[in-house]
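Below, subunit A partners subunit B and then partners subunit C, in two separate complexes.
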Partner chain A sequence: MNWRLSCILACWLPLAAHAVEVDPVPSVMWAFYHKQLLADAPFVFDARVKLLAPPFAEDARQVPLEIDARAFKGHVVRILAWAELNPLPKIVDFQPKEGVLPWLALRIRIEQATPLRAAVLTDDGIWHVGSALIDAAGGGCTAPSVVRSQPGWEEHLGEVLGGRYPRGEFSRVRVQVAHPMDNGLVSGIPEFFINHGQLRGQDDQVLAELELFPAVSENPNLAFDIEAPGPTRLVLRDNSGNEFDAAIP
Partner chain B sequence: MTQPARRQPFALSVLLGAILLSGQAMAAVSDQDILQDPKNPGQIVTNGLGVQGQRYSPLDTLNVDNVKDLRPVWAFSFGGEKQRGQQAQPMVKDGVMYLTGSYSRVFAVDARTGKKLWQYDARLPDDIRPCCDVINRGVALYGDLVFFGTLDAKLVALNKDTGKVVWSKRVADHKEGYSISAAPLVINGKLITGVAGGEFGVVGKIEAYDPKNGDLLWTRPTVEGHMGYVYKDGKAVENGISGGEAGKTWPGDLWKTGGAAPWLGGYYDPETNLLLFGTGNPAPWNSHLRPGDNLYSSSRLALNPDDGTIKWHFQSTPHDGWDYDGVNELVSFNYTEGGKEIKAAATADRNGFFYVLDRTNGKFIRGFPFVDKITWATGLDKNGRPIYNEASRPGAPGSEAKGTSVFVAPAFLGAKNWMPMAYNRDTGLFYVPSNEWGMDMWNEGIAYKKGAAFLGAGFTIKPLNEDYIGVLRAIDPVSGKEVWRHKNYAPLWGGVLTTKGNLVFTGTPEGFLQAFNAKTGEKVWEFQTGSGVLGSPITWDMDGEQYVSVVSGWGGAVPLWGGEVAKRIKDFNQGGMLWTFKLPKELVAKH
Partner chain C sequence: MRWILLLCLGLSLPALADLDYALKPRLIAADTWLLEGSTDNFAKANGGNIVNTAFIVTEAGVVVIDTGPSRRYGEALRQAIAQVTPRPVIQVLITHHHPDHALGNQAFKDVPIGALADTTRLLHEQGDSLAENLYRMVGDWMRGTEVVLPTQALQPGVLSVGQHDLRLLALTGHTGADLAILDQRTGVLFTGDLVFYQRALTTPHSPGLAAWQADLDTLQALPWNLIVPGHGPVAADAQPFAQMRDYLGWLDQLLRDGAANGSDMAELIRSPIPERFAAINLSRYELTRSVSHLYPRYERAQMQRLDTRY
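Moving on, here comes the complex of A and B:
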């Protein structure tokens, strides 16, 4: 297929060109999550939503995950990601606005080998679902925290390491936030995690809204691709009401 | 009841909002709701069943004659491994119960079924410094929010429907020894809290916050020499030094670590528009290190709720040397004497004396012992100041490691500790949970170190009687007479409730919730809850039936500090359970 033909197909029959009839990572949980998280809304399994994760989780507590929906640039309303066989499956609810690309990288916890999903809602009301399968030795959600065993971790709560990396037409902002992200599954330790974030650009213009869930790793790593001019602020809040404000020049 | 002046536009707008909403079933808690409590028998929206803290319910469906048919309808477990002392008083609003558990947990429970609606667990740091168990004494309700204080000295506002944090504010630094265990209160649109930490040489303070967003509105230190502030547009404006200036009643720099923590919170009297708070012991415990009265330690304070100004004070134990905190609740009540209505307030102090004050000006009306043995003072003078028995003050250590030890009664845990008494408007009596115990006490040298215990004293508690420590007493505040008493083997540590049904409820460490005839003291009902009852019971009306609730869960200060008392209580099991009882409709008709 030459380039011209593929473009015509893409324009005329976008679903037929990229949609897959069957679930690329067959899973007994798909119907359940389709109902629970997407409220049975129209969807397609869509290879244009790229979900990049290693085939095997070397460290089940820190699994890098990249969600790339740039194929739908300008049309993305919302991106929802989850790990189907995690005890707490939800990972992130990302709503990119003007000035930020529909792309997100972060690290997550995996309890066992599981299908991963990223559902991208476009402005035509259709969810485009990207999928990946990850193998794991397991235990990432219920293992004791590394952060908490470090004395004085409370002193460093909310400290942010970060930087901006120019990539031509946009720049990549990467941050790491000191936070235990306790998910409540370790006995005797209540859930304590960053649950809300907002990316802001110049004049405090909101670039993206972010809901985080306890499947996100402790000391969360987050990366965004930003077209808007800097500086960028990342305002975070945890479920205990602590607020953190990171500025990236 | 007259209403206080309302000068704040915010309070007014909330009031108007409440009026507009009054047609709806699920109304937000308004200033008016709070001031009316407990006149609306379907809800309990204040700690103390009314801002004055009388713990008196006007309900009489349940009474001395039918209380034997009071029966449990549901129980709710706090769960987890965090079964420590449970000291909360539940609140009830629109069929939902809000309460706290040990380790800074909050629960919302369906009041009809006991079904959990939500739970909030504060994430506490590892280095919290509570002196006396990881307890909490309850929430405040206002608008759509539920407020409570945490062991790491934060105020947290939760959404009443979801339990999610709306705002969180650090009141003080827990690393210095601050914590919060008392229920906050909301008066005229201001959320008011004290702090704990007198054992760590903190500076006590009472503060008001904006319930909407947690902005600090005013702060009032309770140690002489520290500046108070009001906050206007985020800016601190000086509002006078507590006590006028430093050094009047404290030597050297000790006022900088003076304690006097108002750790038990406070109440409000609408008739005089005064907040009534008590303050804790001066720091350190060794009194020889701080000659002077050490204001405002071991005192009762009346504050203007608008700006925190101290209107009057009454110090029950000047120059305290026995850890006789003056935090115990000052309960407003009126009585008639010589044809004249007296606006009084009463308090049963840790030091063993029961005080009746004129609450318009803090003047002493009368005081008398309410326990059998007091050795540290021989009585009170005409102003209510104690006449000390100097032989009962433990000696200064001098060059020795330990000063002379003396036996003194009451023990430092007090003739009455935190557990709130109740005032019955029909009998005119106060029902006081008291304890008969003494202690050996001695002083030691001590220097202040941030975040470390600042006592300079040692102690061992001893029971005074073989067969009982706890005594529930009915006390006539006018005659000073004890009308009846009921003894209990273990020390009493739970709050009291009284009702128009001629009933008095309280719990025991042995696990019983008990009801007494308010006039005679006859025990008329009891129920074994499975663990010690340290909470404060409530009663309310739901669907035409009268309910009673109390939390059960042994712990608190006694097992941690109890000395020789420990062997009386060592076999009591811990718990964490909310019990709810009712008198079924069909059984009311039978009587």
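Moving on, here comes the complex of A and C:
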């Protein structure tokens, strides 16, 4: 174990109750992803990072996922999520700034039953890893596009539906963006997906940075909890250079 | 390699022979027999026998209502009928295209298989993938099962077989094409999956919960005296209708409120299920599925256009 982590575990006892060294889900891939995505940085498996998904995927193309790291509010630098057994595992890289809660909901595609991970980097340099297991009949990543089967879909590209929902201390902002999110795995169709997003508040101040990967479902559904006052702007860009802009009053 | 395969076949054969649905027809009204399935989910332990099928022994021959989840079930059903009556099967009626109701058709290829035209279309479009999914869940019980499409398009109205006038109703709430059958001679109402009782209803192909509620009104107003639900026990009172209405109303309100509050799908799936539905089997499982099927429509209905580029 890393010396720094040992020290933290020894000095900060309350952490020990939540953080364990034993992987809470059966996985043969953890070491690989720890190296690949977290560069072997210090980490703990931590139940305070809640990765909430249904136990099984009713629709493997649209699996709801909620990442809740509010236990680390004020200390979150970055949230990375992935599906271990997906052909394209990476889901999202989310960097909430001041005024945005470390919470995110979205929908993803999974190809088979898989462990899911959300790794939360706190400002002390430790990754706190939340885990879940999901069962699936499979095929979510290689299923033909539903968007592309609808004639005239190109005309709707980048249309955003959504709203703001007051929740007392903060407000929930939800959006649904018309985009096929082609992942390159369906024959003959190259990658075409929204890969970047930015939430902006008053005076165009950046509230959060968002990198999306092709594991995110078609017509991406995103939800954020924002403390900063509205209006909020969401600026999205896809890998073909299209920019989409939405204003949430 | 080949000997391994042979060994496996050798080992699995005795197991296959044990796959016996042990169907026991039960007389529930004059001339009317029920084969009641469990209220569990599809599993290797039950071979997919989670469904109610039935048959009516008329003077002119036997009318079968739904053929079950597999070829093996269809064959067992046919044998069970032969135990009860020497009369031939002369008509099959399929209530809807779901695999647990229609994949026994193979055993009735020599008989007219009637269904609503849209049921046949849906079975044609989705049958193979529905069957594949069932294979995944119940395994060997499904061996040799193939989709056999209905051969006869039913119209709403009265179908007379022997002394039994069967009133056929074309409804939509469960799959978009749902046949209900009222035997006007006995008052037995076969609801298909428009009614689930003590078992959570399923929504993968429902056109919407309002249509389903309307169908329940239509059914309840008929002169029935015994309800045979698609899943769950028969009832001589209106309890299955009351339970369906209550559950559908709760589900609709949950999804409506969720959309109005900006809840995410993952949150809705974790919603508490009211205590009064505690006796309904699989309600948590089916809520997870129903949210996935239905919530996107509720969400979109209350979202605004926000893009500013166009």
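Definition applied: the second predicted complex is superposed on the first by the 236 of 249 C-alpha atoms of A that agree within 3 Å, B and C clash if a C-alpha of one lies under 4 Å from a C-alpha of the other, contacts with A are read in each partner's own complex, and residues count from 1 in each chain.
Just so it is clear, contacts are C-beta pairs under 8 Å (C-beta built on N, C-alpha and C of every residue); 3 or more make two chains touch, one makes a residue touch a chain.
On a predicted model such as this, the values are computed, not experimentally measured, just so you know.
On the superposed subunit A, the positions of subunit B and subunit C stay apart, so the two partners fit side by side. Touch criterion met: A:Ser240 reaches subunit B, while subunit C stays clear of it.
Look at A:Ala53: by the touch rule set out above, it reaches subunit C but stays clear of subunit B.
Using the contact criterion defined above for the overlaid structures, shared-chain residue A:Leu185 touches neither subunit B nor subunit C, since it reaches no partner. For the superposed model, the angle subtended at the Cα centre of subunit A by subunit B and subunit C works out to 100 degrees in steps of 10. Subunit A has more of its residues touched by C than by the other of subunit B and subunit C. Look at A:Glu154: by the touch rule set out above, it reaches subunit B but stays clear of subunit C. With chain A used as the common frame, subunit B approaches subunit C to a shortest CA-CA distance of 14 Å. In the superposition on the C-alpha atoms of chain A, no part of subunit A is touched by subunit B in one complex and by subunit C in the other. Of all the residues in subunit C, the ones that touch subunit A in their complex are 133, 136, 260-262, 264-267, 269-270, 288-289, 292-293, 296, 299-300, 302-310.
On the subunit A side of its complex with subunit B, the touching residues are 154, 182, 184, 187-188, 190-192, 239-242.
Across the complex, subunit C is touched by residues 52-56, 58-59, 62, 64-66, 105, 107, 137, 158-165, 167, 172-176, 221, 223, 234, 243-248 of subunit A. Interface residues of subunit B facing subunit A in the complex, by the touch rule stated above, are 80-82, 105, 121-123, 125-127, 156-157, 164-168.
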